[in-house]
Structure formats: structure tokens, C-alpha cells
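Encoded as C-alpha cells, the structure appears first; notes follow it.
Per-chain residue numbering starts at 1, and chain names A, B, C, D, E and F are given in the order in which the chains are listed.
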Amino acid sequence: MSGKGFNVPPSAEFVARVSGIATMCKLPFQETADGLDAAFIGVPIDTGTSNRPGARFGPRHIRAESSMLRPFNGWTRAAPYESLRVADIGDINVNLYDLKDTCKRIREGYRKIVATGCIPLTLGGDHTIAYPILQAVAERHGPVGLIHVDAHADTSDMILGEKIGHGTPFRRCVDEGLLDCKRVVQIGLRGPSYSPDNYEWSRAQGFRVVEVVECWHKSLVPLMEEVRSQMGTGPVYLSFDIDSLDPAYAPGTGTPEIAGLTPIQGLEIIRGCRGLNLVGCDLVEVSPPYDTTGNTALTGANLLFEMLCVLPKVKYY
Amino acid sequence: MSGKGFNVPPSAEFVARVSGIATMCKLPFQETADGLDAAFIGVPIDTGTSNRPGARFGPRHIRAESSMLRPFNGWTRAAPYESLRVADIGDINVNLYDLKDTCKRIREGYRKIVATGCIPLTLGGDHTIAYPILQAVAERHGPVGLIHVDAHADTSDMILGEKIGHGTPFRRCVDEGLLDCKRVVQIGLRGPSYSPDNYEWSRAQGFRVVEVVECWHKSLVPLMEEVRSQMGTGPVYLSFDIDSLDPAYAPGTGTPEIAGLTPIQGLEIIRGCRGLNLVGCDLVEVSPPYDTTGNTALTGANLLFEMLCVLPKVKYY
Amino acid sequence: MSGKGFNVPPSAEFVARVSGIATMCKLPFQETADGLDAAFIGVPIDTGTSNRPGARFGPRHIRAESSMLRPFNGWTRAAPYESLRVADIGDINVNLYDLKDTCKRIREGYRKIVATGCIPLTLGGDHTIAYPILQAVAERHGPVGLIHVDAHADTSDMILGEKIGHGTPFRRCVDEGLLDCKRVVQIGLRGPSYSPDNYEWSRAQGFRVVEVVECWHKSLVPLMEEVRSQMGTGPVYLSFDIDSLDPAYAPGTGTPEIAGLTPIQGLEIIRGCRGLNLVGCDLVEVSPPYDTTGNTALTGANLLFEMLCVLPKVKYY
Amino acid sequence: MSGKGFNVPPSAEFVARVSGIATMCKLPFQETADGLDAAFIGVPIDTGTSNRPGARFGPRHIRAESSMLRPFNGWTRAAPYESLRVADIGDINVNLYDLKDTCKRIREGYRKIVATGCIPLTLGGDHTIAYPILQAVAERHGPVGLIHVDAHADTSDMILGEKIGHGTPFRRCVDEGLLDCKRVVQIGLRGPSYSPDNYEWSRAQGFRVVEVVECWHKSLVPLMEEVRSQMGTGPVYLSFDIDSLDPAYAPGTGTPEIAGLTPIQGLEIIRGCRGLNLVGCDLVEVSPPYDTTGNTALTGANLLFEMLCVLPKVKYY
Amino acid sequence: MSGKGFNVPPSAEFVARVSGIATMCKLPFQETADGLDAAFIGVPIDTGTSNRPGARFGPRHIRAESSMLRPFNGWTRAAPYESLRVADIGDINVNLYDLKDTCKRIREGYRKIVATGCIPLTLGGDHTIAYPILQAVAERHGPVGLIHVDAHADTSDMILGEKIGHGTPFRRCVDEGLLDCKRVVQIGLRGPSYSPDNYEWSRAQGFRVVEVVECWHKSLVPLMEEVRSQMGTGPVYLSFDIDSLDPAYAPGTGTPEIAGLTPIQGLEIIRGCRGLNLVGCDLVEVSPPYDTTGNTALTGANLLFEMLCVLPKVKYY
Amino acid sequence: MSGKGFNVPPSAEFVARVSGIATMCKLPFQETADGLDAAFIGVPIDTGTSNRPGARFGPRHIRAESSMLRPFNGWTRAAPYESLRVADIGDINVNLYDLKDTCKRIREGYRKIVATGCIPLTLGGDHTIAYPILQAVAERHGPVGLIHVDAHADTSDMILGEKIGHGTPFRRCVDEGLLDCKRVVQIGLRGPSYSPDNYEWSRAQGFRVVEVVECWHKSLVPLMEEVRSQMGTGPVYLSFDIDSLDPAYAPGTGTPEIAGLTPIQGLEIIRGCRGLNLVGCDLVEVSPPYDTTGNTALTGANLLFEMLCVLPKVKYY
């Protein structure tokens, strides 16, 4: 399955798409991140969600739909499997009955992954998971820049009396100094709100907030030029909530908000990250029970593949 | 649940979204419009539909999905519950077996509502209901301006030999002098037609017809500036058929037409109504059996909330 | 809406089924159990589930589908609304992010309900909720008999390192002495298991275990005669997990097991409880995202209505 | 397509099931009943329904799924296409906006069909249609015996103030003397009711009422022996509401009631009609929007084929 | 059904949409193309698909949804039924078990159609069918220009060791000289690929390749001006794969790729073909099992109607 | 993951059901059958199906749903993982475009498996696959006894002019002498047919045919006693088509027939095979696109686990 030590997924030219165990991109499964440049890993929870659940099945369904992917990125001419050693390393074994313990398990699991120098590409799971992942990532890299693509700021202090949930991860990250706040951008925010000035706290931290209204009717290529400049050369984490996309494109998610980004803009954002010092990425909140055609999971799979294609050192033709 | 006599829905910060009886926006239910500035009310019929039925369940599903809404409009900084007294006043008790009698029941029900000075925000139901609603509205306010957002003109004279149905309401309104025809605009019209010049009759009445082709690839903010000018200071009724939106965004409807408006444009239209003398609004044709993810109902709920936010006297931060 | 102080739901002969706020059976909503003989109450959680989530929407969907019910039980001639004062008292406000805190909230909520003498009829939610409900019920009535209808024994000691979850409630009840173990019957148990002798612990407590194999191909009327005799005159709690039914009849549930009971047998069980001293009932594990037609919720609504019909003091014609 | 003047549908041995215009059983379409012994005909309405609509698409979907049928009845050795000339004669052109006018159109359409001696096999449509069909049938044959298979008696006097709807057809038939009341049997009745003694009126007319409880856990072959004896040699009409079946088997219907008949019992009932003087049959209330797999329509198609197989003069091997 | 010998579908003003046999646009069915200017014809296969099947049901579902269409094109003022004689001529009888034999059957069937001068408008079926159709078309017209709208180039040489499948048709066409390669344009291409330079082969043949990235955020009206100029006056075939559209608009297809064309752009492409010498058109890859709302089939039906409207000699008002 | 060299799947008591790569029963994946007593293997095709496709996704979805299974069979006290070494060995790489070549690939793949002495438990795939599997099995074991559970006899000689397809496998097996015809039983056969005496050919070969009518309303335990006696001590192959079950229980299949077996009867059949010399088993025709809840795949997973539990040498407590 490899040339020069790389893992290359079987091409549908030679192995039928429907055939084979459903690992991410049909890559080999291995139990740890040892020897890998990048790893796909799942965190199957939805116990942090405030509305529709189901994201616990996100990793399984993203893997299943990823059988549509092919080894090259024909759009951008990236050849990720010719320069990085990549595998699927399975899922964090979560505690479905205690969200705080789950967070601990995630943090510990990611500590081991990032310790090897491997870049984690996470298949969520609800957005709660960004908090313990960023704990592990910042422990290794120091406070990181953050490109946060989402319908929601996820910066509430407490929800239903709790500090941990899918509405609070980035508040916790700031509380613990995990983010380099001047290098944080939130793109796609929108929707009814708990207060009239919904993004006040984000702005007060120094985050750049790009409300979705600023994105309507246009290409995000210019925005990403600014974002690259904001991010500089420091370590950057990319957290992509599928609900940043309009529900027409991503119905299978838990807290959909109308009038969102398009997948075209999603691709522009991710491709706009090329050249950054990405140290981790996630794609969260795919909820298969609400994904009646499988196309939200398919979109998630594509976006994760695009993230792989913009990691440092990926070869381009 | 209220400050200064207002009804404020419980916030999901304190009450779980999934908890509680499914009234619109989780507002209190009251049996009449007494004491209200605005009221959400359902008209659960689909017996006027020409193709896929199901809109009879529109009010129930819009209410259920409205649990995602929050008390402020973070996009526009509107705070409707701080300036208007709003409640859910339930549904008109319709006669499912006789459409003409249903129309009579609607007219009588709305007479009582508008008599109190309360502004009705209607959860449809198929578009037939706009006719008896406008009878009641015009009885109080005189001929009204109309902002009609739809894929179809709904101005047929007869369908299947009948005068009453969801393809004829605005013809009936003109017949009865309920509309101030110079202050009527129809936005989003499209699709195959019964005659080569499909909107001839509308134009002959003095309506402004904005075919969807004129809306493609652009923001509708400039259009709404013109519409506000057309409407002036007189009373205006906003009738929003969810099928004005492209079926990708609103699959759950009875007579979908391809290549429609986007929810972004829908928001631009409604927000563009701010400052007008709105005396009533409806959101019609959500058909839950075809809304496999619930997102059409969710879109309907959002649009109704946006209508509430542009009613006269709503406070903005 | 009442005769002699009773609440009688509007009949579909006079009010269209589709019309009106979706309370259980279209009964009036009131905020507390004061003055009620029996109350429908929802507990919208699924954070105790081990597989497919969604039961958090159980109460909402059971209420919606209950609009099909009518005021009398034509099969058995029960007239519950002529002898009991019944209402819908809404939902427990659960903490979606902390299952243990949710259990505390449930226990406290039910303490208030049973303190009034009102019999709670619970719309679940996952089966975890039976534990705190039984804490409140046993606090008032002492250890109770239990008729537990389920595919699973729900008597595990720990799952994923946790004591609280939908696989453990009845173990916890025994730990705390809430059950009169000689008056416990578990009906419908089946499926692959964690140990070769799956129901050993139940039997060791003195429970009667009726594996589903004993129920195949037959009426359960004779079984219920034995169960009534086992239960005697003491207080009895009925806990009905919809997954006791075969997945053909109840697809909308989280941990389906094949070859289960039929709704006919479900009715035989509930009707066989007539004459017992029922002090509480629940219907749990309806998961709407997997209930593609709504018929699992409809079945749940029917079973809850049947439970109402066999409460003490219900009038029969 | 015929031998000796008969129409024989193409066999899937020679023409792919998926190929061809979707007529019933892939029979030829002809515009009138002229020259036919039996005809499949659709009546696409749901404007008489009290709950979930959709039956207007029943005929279209039953036709589509009928492509699974084959020319012989291998179970019973009936060879209907070797003894009867059968075709699909399309649909009644209904008035979707006026139920009373629709009834008139149905009656007139059926008058023409039965005038030719052709036996109509109707694809519904909601159950309202049985009333005008029986008007036409009784006009030709005099008062007929009726085998009515249903969850509901459909004998209400008025619903929502109306005489015509899917809850009243057989009351209207009795009002007009269309039924030979001693030769009426209603099989499968069940569910909550508007009065404690739900079938009192039916019994008072002399109908035999077979509540579903009498059918549970047993074959209906013995019952049908009694029914044949009850029906004697006079003309008999068979009206089969798909909701007589348990919702597990027929989810795609508008007013499902739990604990119903099985398709096995449905086949026993229809096959038990062999030898009777059947003058018409219908299969009503298939509602495709709720038939998520198409199997309710498929069941309807099979039952209609079985009806064809028990018409007088069908050849058996 | 006709004026001056034309077939005019019944208008929904006079015949209910739900009524009648589901032919394309409710046109008359006839067994051959004799006497027709244009014919709708189905090719119900999916045995050439590489991922999700289901396109075998494409013709049946496109026909069903086409009942929403009306006789005129109100957008463009085309009146196709006033200038062309059109009918539905049913389906090719395919061999589901042998794709090569199916291709032979298609070629032979189309030979007969084009021999009469009739223009075939094909309801697919997977894209494999374009190859044998073009064999027949080029046999009559010589090498044709091709407007190929698709997410994929479909120019692989072999897939899974096979020459024939839905990824190879246009390679085969070039192999056999069926295309006038300078007059070929491929629009909408995108997605991960088997090689870094995915469209190299197409370009090497002289095809114009318009990757979807070139189409983002803009109208395709200018592109089509160039295409018309490229096509000149020679015969042109239009092959429209529904997966050219973004999956939000066309979820019901087998190999969806994100970030595709919009239906607005699809209409711009087809309408931009007006004036060309179109000799055949197809709409392929609608897969009903993945079309949960029917709207992909509806979109397909609309696009086919638009194709009809731009055929040579269609009258415009 | 093993004790004494066995593979034991992780228990949901310790690893969350939703966590981990979706292999069958969460068993380890290995590339060949070496060292295994039994192996789960997928054959993902549907190109032999005559109606609804989708079975190509059967293996993937059965694996996904198998995460509900547990290590012991609590019903029967079987402990398969304590006596057999079992793994998931992935899928045959099928040729989706040539069914005959696929059959060759299957035969060759199974030759290698059975050569090691490993017993294959196959996840289909359509029923065509039974033919090449039996070629390999009979090559090793000689003509085998066959327990064939199905709605259809699958003994046609030709369909659409072809010898190979899902309607013909057992005809081909007889042609090639792969079956010990006196030791063949077909259970559950039913449905309309191509000839009046549908099972004549089967009976002529000496097969025992148990039409479904013989199974209605009863336990199949007595039947299986006879079947065990018929099978004797020779090698036996069990081929279980999920469409043997009634569509209520197994909607997700391609050619459903009403009035079928229940899962209870399915379990009785499989458990009744205990003690036989089983040399291979398959579970075919699960079609996920029609399995809207996943429960058909879940049923398939359970039946495959039950097959594992009755293999020779399985330990029982």
C-alpha cells in the first residue's frame, strides 16, 4: 500500500469504492500515531450538544463516505500521500456518561499523538472536543493561533450551569491561556443570540470576528489573505464546525443556523490556509441521524481531505 | 417570564432547548390576542394545495423547531421582547373538509385579533389562507400594500373550476379591493407557466413584478430600498411563501420550483421591511412530510422571528 | 374543557387533529401537579444512552403524535377523563451536560409531584430516568413492586466506569432498597449479552425474569394473571421501555434488539395491570430521529393512554 | 401483449422491472372501461382525511411498486390474465378544492365503468371515495353486501360539522340504502374512540363487527368461512383500508392505529372472498409521504392483485 | 390533446396534478418515435455506476415529478408544444445483468429513433448510456459537438479493468471518432482525482475544460456565448449529468462532489444552447433512493423541459 | 484482545459502542483467513439484482450496526469467541461492471479461504454470490446440503436472457452438481410468480420446499427438527436471504414480498442448525438505501452472529 514508506489508499480505478473496511480514505489503520506525519482520528461524542444529538456517529459516517475520495487533489494539484505518512488511528474511547471525564480522556489521548510530532486531523464529535484537544496541542506548541469556522462563537461562560459543553470550548481555552488571542479569527458567525451584542466578548479578547453577513455574495479568497497575514508563522489550529455551512449544504448537524457559508467558501478558507504552520485541524458536528443522504458526512470527508492537503510539507504538482 | 409586563422566552442558557411545551419560540400560550402587541398564530391547512400536501402540519413543526431561537437578534441587534408583548395564541380551528368554510373561520378569527390592535404573525398552512386573512386585515386598515415573496404569482382566476385555492388568493384580494395595487410587489416569481406571459395580469393591476431572474447572483438590499419607497407610510402586509426559496434550502414545501431565492435574500427582504408600517405577516407552505431534516420548518421559524424583529416599535440596540 | 372539574381533551369531531398546541392528548398545560389525579410529564434526556441518541426529543414527539388519540378507550370502555383530573405539566428542566445533576433534578421534581398525591405518567427520555423517579416514588410509598417491560435488564453495575446510565437504573434501585424485590417482574428480555448467564443477578435478587422466548407465539394474558398475583395489593410502578417491542413496531429507539414483543402483547401487559395499585408509570426510549414515520412516538402515545386507563379509580362503562 | 385477446403484463423474465411506463401491473392503459372484465382505476384524493394527508399520491405509488408483481399467483395458482381482460384506465380527475364536487365526479365516472359490466378495482385515495363508488355500484347492482376491512368503522355522522369525509362514508351509504346491512362485516376495528361503545351504531344496523382483538394471535381462515356464508350469492363489495394492517406493515397511511392485522391475515381475508359475487373492490389510504420505503404501496399493489385473483371467473390451475 | 396535430399536456388548471398515468410531462405515450419531432425516452440503468446505485429508477421518478411542469416556459416565453410534436416513448428494455449487452440494446434502440429524424431527450440512467447513444447519433449526423455538463470528465480509459462504465463514456466516444473534438466543452469538472493533472487527456484531445472553480460566484451567460461560438452550426449533443450541480441541489445522485454548479447556472447553460443545432440531449444520474424529497428528480424534469424549449424550431412568444 | 489466542471483541462495558473502526462485531481485521476457524467476509455487489439495488453497501452497513452485538449469546448461552478464532477479513474486490467476472473473483477468493479450513460467514451483497461461493465450497467439500431461507426460489434458468443473476444461483449450482439435492430445503418461498406452479422445478430436483404459508402462525422449531434429520451428518451450507423475512422487519432489501417470516422464525431456523456440519453461511440482500432506520442491517448482523454461534465446536455454557 505504499511507495517509499508512504500509505497510499487504493484507487477506485483498481478497488471498487464499496469494497473494504471503512477507514478514513481507506488508509491503513494503526493503533498509535508512531511514525506518522499526520493522522485521522475520531472523537465520537455528542454529549456536549445543546439541541439535536447524533455527532457521536460522525466519525463512523465520515469514514464511510470518504470512500468517494481519490488520492490526489485534482483542483489544487496537491499530492498529500506522496509527502506525508498518514494513517487512520481509530477513535478516542470516550465516556458517554460523563462529559468531564471524556474531556480528560481526549486530552490524554492527544498528548500522546502530538508528542510524536504527528499532526492530528480530527473527525468529531461535537465541538466540546476542541477544548481538550487544544489543551494537548498548546501544551506542546504553546498558545496557538486559531482559525475558527462556525455559525456560533462557542464562547459562552456557562450553559445550563455548566462550564463544559459545545457552547463554551473557546471560553475555556482563553481561561487557560491556550490561544494567542491576537491570532484568532472566527468566521461565519450568525443567528439569534442571548444578548444584543453577541460577539462582544470575542472582540474584547482581541479575536477578529467575521460575521457571516460580511461573507455573503462574495469569494473569501481576499479574507484569507488577511487571515494568513494575521496568523504569521506561529502555530495555528484550524477548527471547522460543519454548521458554519448553510443547512442546505450540511443538514446533518445539531444546531443549524440559516444563511450560512457555502462549501465553495469553505474550500476557499481551507485552501487559504496553505502556507500556515498548521499543527492540528478538526471537522466537528456532523450528525448522521439528520444527514438523510449522507452528503453532510461526504462534505466533512472532503473538507478533512482538503485540510490534509494544506498541511506543511505537502507536495504540489 | 417577563420584565415590565413583557413575555420573554426562556433562554437555552438556563432551560434546555429540548425541554418544555412546543409553543412558538417557547412563548406563553394564551387563548386570545387580548393585551398583545403581536401574536403568533397557526392556520393548519393544506386543503388548498395543488400538489404535495402536508402544510397542515406546518404550524406544529415550525413551533417545534423554533426552540432553536434565542431572545435577541444578534445580527441586527433587535430586542423584540423588550418592546412588544408577544404570545402564541394557538391555531384557527379549521374545517378540513370544506375549504370555503375554513376561509370563513379564518376571516372571523382574524377579525377578532386585528380588532384588538394586535399584529398577527401567521404560521401556515397553504397560501389560500392569505385571502381570508387579508379580508380581515383590510376590513380594519383599508386596502393594504403587499410584499409578496413567492415562486408563484397566485393570481389565477380559477383552478379546477374553483375560485378558492392556493393558486388564487391574490386574485380574490384584488376582486374585493383589499389591496392598494400600486403598493404591491411580487418577488421571486418563476417556473413553467400556463401561458407565455405569466405575469401579465399582475402587471396590468399595477403590481411590481420582480421575476427571480432579476434576483440571481445579487444582493436584494438595493431592491428593498425601492420597495420601501413604493410602500410609503401606508399599512403593509408581508406574505412570505417558503417556496420562494430554492428547494435546496426549503425542500419541505408543496410546489417547489428550482432556481429560487436564497435564505440570505430572504433575510435581506424581511430586514428591508424595517421602518414600514407592517400590519400583518405570514410564512406559508412549510410541508413537514417533505421536510426530512426539519430544516425547512427551522427556516420558517427564523423568518417569522425576523418578521417580529421588524415590526413597528421594536427596540434596537 | 371540563365537566365536573375534569379536563376533557377536545374531540377530533369538533376540533381538527392538526389544530392546537401539542400538549399530551391536547390536555391543558399547567405548571404544577396541584389538584391533579394524574399528570403527563416529560423528561427529555438521552445522555444516558449507550448507542443511538435522540430520546431527548421523545416527549416532544409523543405529544405531537398524541393528537391521534380520542377521549375514550373504545377497546376496553375506559373513560379516564370522566373520573380522573389529568393535565400535561410540561418537562423537567434537565442538565444536558451532567447526567448526575440531571438525576438530582428529576428526583426533586418528582418529589413535588408525588407529594400532591398525583400519579406521574412519564414521557421519556432514556431509561436512566427510572432511577431518580423511583427514588422519589419510593420515598413516598416505600419499596415498590415493579413491572419492567424491556429488551434489556438494565441491571449492570457499571458501564464505561460509570454507575449512572441507561444500563444501570434498576441495579441502583436495588442498591438503595427502592424495590420490593419479590414483586419485580422483567418481561421481554433478550439479545446478545456481556456474560453467558445474563439474568443471573436479576434472579438472585428474587426478580421474576420472563425472557422474550417465553413470550413468542402467544398471548400474554395468562402471564399477566400471574403478575397480578405476584404484585398483590402493594404499590406498583410500571416501567415500559419501547425497545421491549420488536424493532418492526418501534424502530425509533436507541438500542433495538430483534425478535421482541408485539404491540398486541404490550397492550395485554398494560391492560393486565388493571386492578393493581399503580403509583407511577413511564414510557421511555422513544428516539424520534430514528422514527422515520412518527409511528414509534404514536405507539408510545397509545401506550401512555392505556396506562392512564388502568390507573386506580378509572371509570369503565 | 395478449393471448386470445387478453392483456398479459410483460414478465420480468423478459422486460426489466425498472423499464416502462408505470401503469398498474404494467398493464396497457386505455381511456375507458370498454371491453374490459376488470379495470384498475385510481382516485387520487386525500382531502377527506382527518390527520396525515398524502393519499392523493396513493395511485401513483401503488402503480410504481406494482412492477414487482408477476403474471401468476404462485401461492394460489390463480391465472387472472388468462381469463379476464384487464387494463389500467387511469384516474378520476378529481377536484382537489371541493370534496363534495369530487364525490360527484367519482360517482359519475364509476357509473360509466360499471355500466359496461366491468368490475372496478380502485387504487385510493382516502376512504371518502367508497361513498360515491358505492353510489354507482348500488345503482347498478342494488344494495350490496360489504366486506369492510379497516381500523375504523368510518360510520360517524358528522366530523367538523361535515357530512362528507373519510370518517363517514358508510354512514352515508346506509342513509342512502346502498348496503344490504345484514350482509355487512367490518373487520379489524380498534383504537381509542369518541364514545365508550364505539361500534354500537354499526351493530344497530345489523352489521357484523369483528374487533381486532378477536383477530389477534390467530388465522382468519375460519372467520372468512363465516363471512362467505353471511354474504351468500348476492353482490359484494370489498373495501380494504390499508390502515387495517398494523402500522409496522403499513406505516404509509394517514390515521394509523397500533395492534392491527397482519398482511398474512389480509391475504386470508381476500383469498377467503374467492367464490363470492364480487362487483367491486378498493384499496385505500396508502399515503406515500409516510411510506419511507415504498413497502406500503407495494403491499397495496399485492393486495389489489390478490383481489383481481378472486374475482368471479378467474381461472385457477 | 392536441391543436394542429400537436400533443399538449393537460394543464393543472383543468386536470389535477396528481391525476393520471405518470408519463413525462403527462404527454401521450406511444411505442415508437414515428411522427415525432422530439421524444422523451428513458434508459433505466445504474449498472455502470461506481458508487451509489439507484439511477435505474431515474426515468420513473423524473416522470412522476414532471407532473409539476406546465405547458409554457414562462421565464423564456418558449411554447414547445405549439411547434414540435412530442411524446413519451417509454424506456429501452435494458439487460440489468450485462452492461455491454445493455449498451448494444441502447445503440439499436436509438438508431431507430434518430432514423426518423426525431430528437431524443433521454432520462437516465447512469452516464454509461451516453456512449451507445452517441454511437447512434454520430452514425446519423457524423461526429458531433458536445456540451458536457458534469462534475467528472468521464474520460477514464479503464475502471476496475473494464472499458465500459460510467467513468469512461467520452473516452470511448473519442476512440470511435464520434466527437468533433474541437467542438467539445466540459463544464463543472471538480473533485479529488486519480492523478495530479486530472483533465490533461481532455485538453490533449482539444476539448475545452471549464473547471468548476472558473464558474464560482458568477453567471455563466458569458461562458455560453463563447460556447455557442465554439459549437458553430454543426450538430451538437448536450449531455447533462445532474451531479454537475452541487449536492445541496441534487442530493439524489451516485457520485456527488461538493462545491458544484447551481441550478441557476444549469438553466443559464441550457438556455445558452438556444440557437444551436441540437440533435440530442440527456439528463443522467438521478438516483431516487438518495433523493429523499423527490426534488432531484423534479430538477431533472425541469432541466429536460428546458432542453425541449431550446431545440431547433421551438416557437417563442 | 484475546485469551488463549482467541479474538474477543471489546465489550461495550469498557469501550463505547460508537468508538472504533467498523469491522464486523469490532473483531480485528486481518487480510487473509490464515489461522482462523471462521471469518466474516463481505461481497459488496448488487449488480445481480432485478429490482431495487443497494446491496453493494450491505457489508458496510452490517458491520456498522454490528457494534450493538455483545460477546456472548445470552439467549442460548453460546460463547463463540471462547472456542473459535474469528476475524473480519474484509471484502472481495468485486468488478462492478461485469457480473461474470465478479463471480470468478468471488470463487477464487473463497477457494483460498476454504482451503485453510476456515468457515466463511458472508455479508452480502445480492444473492448471485451464493453461486460462486458454493463453487468454492463444493470444490472442497463435495456436493453440500443446503438450507436456503428466502422469499424466492432463485432457481430460474434465465432472466433477461442471462444465466447469471440473483434469480438463478441455485439453478446454476444444480447444473454444476454442487448440491446434494436430497439434502436441500427452501424455506419461506412466496409471492406472485412467472408460472402457476412456481416450485415445480425445485421439487423435481428433490428439494424440500416449505412455502411460507406452511410457516404462518407457528413456531418453526418442529420444522427444524425435520431439517436436521434431512441434513444428516454431511456438510451443509446455510444461505439466508433477508427478504425471507416480512418487509416490516426487513424493509431494506431489493425484492420484498409481503407476508413473510418473522425474525423469531429466523432465529428458530438458525438455532435449529446447531449440531449440523455447517461449512459456510451467508446473509444476503440487505440494501441500506432502503433501510431507513438501519434496523435491517442490524437484523442481518444479529443473524450472522447467530450463525457463528451454531458453527461446529462452539462452546455453550
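Worth pointing out:
FYI, a contact is a pair of C-beta atoms (placed from the backbone, for glycine too) under 8 Å apart; a residue touches a chain by one contact, two chains touch by 3 or more.
These figures come from a predicted structure and were not determined experimentally.
Looking at A-C and C-F side by side, the one with more C-beta contacts is C-F.
Superposition on CA atoms relates subunit D and subunit E by a rotation of 180 degrees, given as a multiple of 5. Counted by residue number, the contact pairs of B-E are over half the same as those of A-B, the matching pair from A-F, D-E or A-B. Distance from the subunit B centre to the subunit C centre is 40 Å, each centre being the mean of its Cα atoms.
Mean C-alpha position of subunit B lies 55 Å from that of subunit F.
Each of residues 15-16, 18, 50, 56-57, 95-96, 159-160, 246, 248, 290, 292 in subunit D touches at least two other chains. Taken chain by chain, the contacts fit none of the simple shapes, being neither an open path, a ring, a star, nor a full set of pairwise contacts.
Taken in their complex, subunit B has these residues touching subunit D: 46-50, 52-54, 56-57, 95-99, 101, 159-162, 164-165, 289-290.
Contact residues on subunit D toward subunit E in their complex (touch as defined above): 15-16, 18-23, 29, 42, 44, 56-57, 59-60, 63-64, 88, 90-96.
Interface residues of subunit D facing subunit F in the complex, by the touch rule stated above, are 11-18, 67-75, 77, 79, 218-219, 246, 248-249, 262-264, 266-267, 292-295, 298-299, 302, 305, 317. Put simply, subunit F touches subunit D in their complex at residues 50-51, 156, 158-160, 190-199, 211, 213, 216-217, 246-248, 251-252, 255-259, 290, 292.
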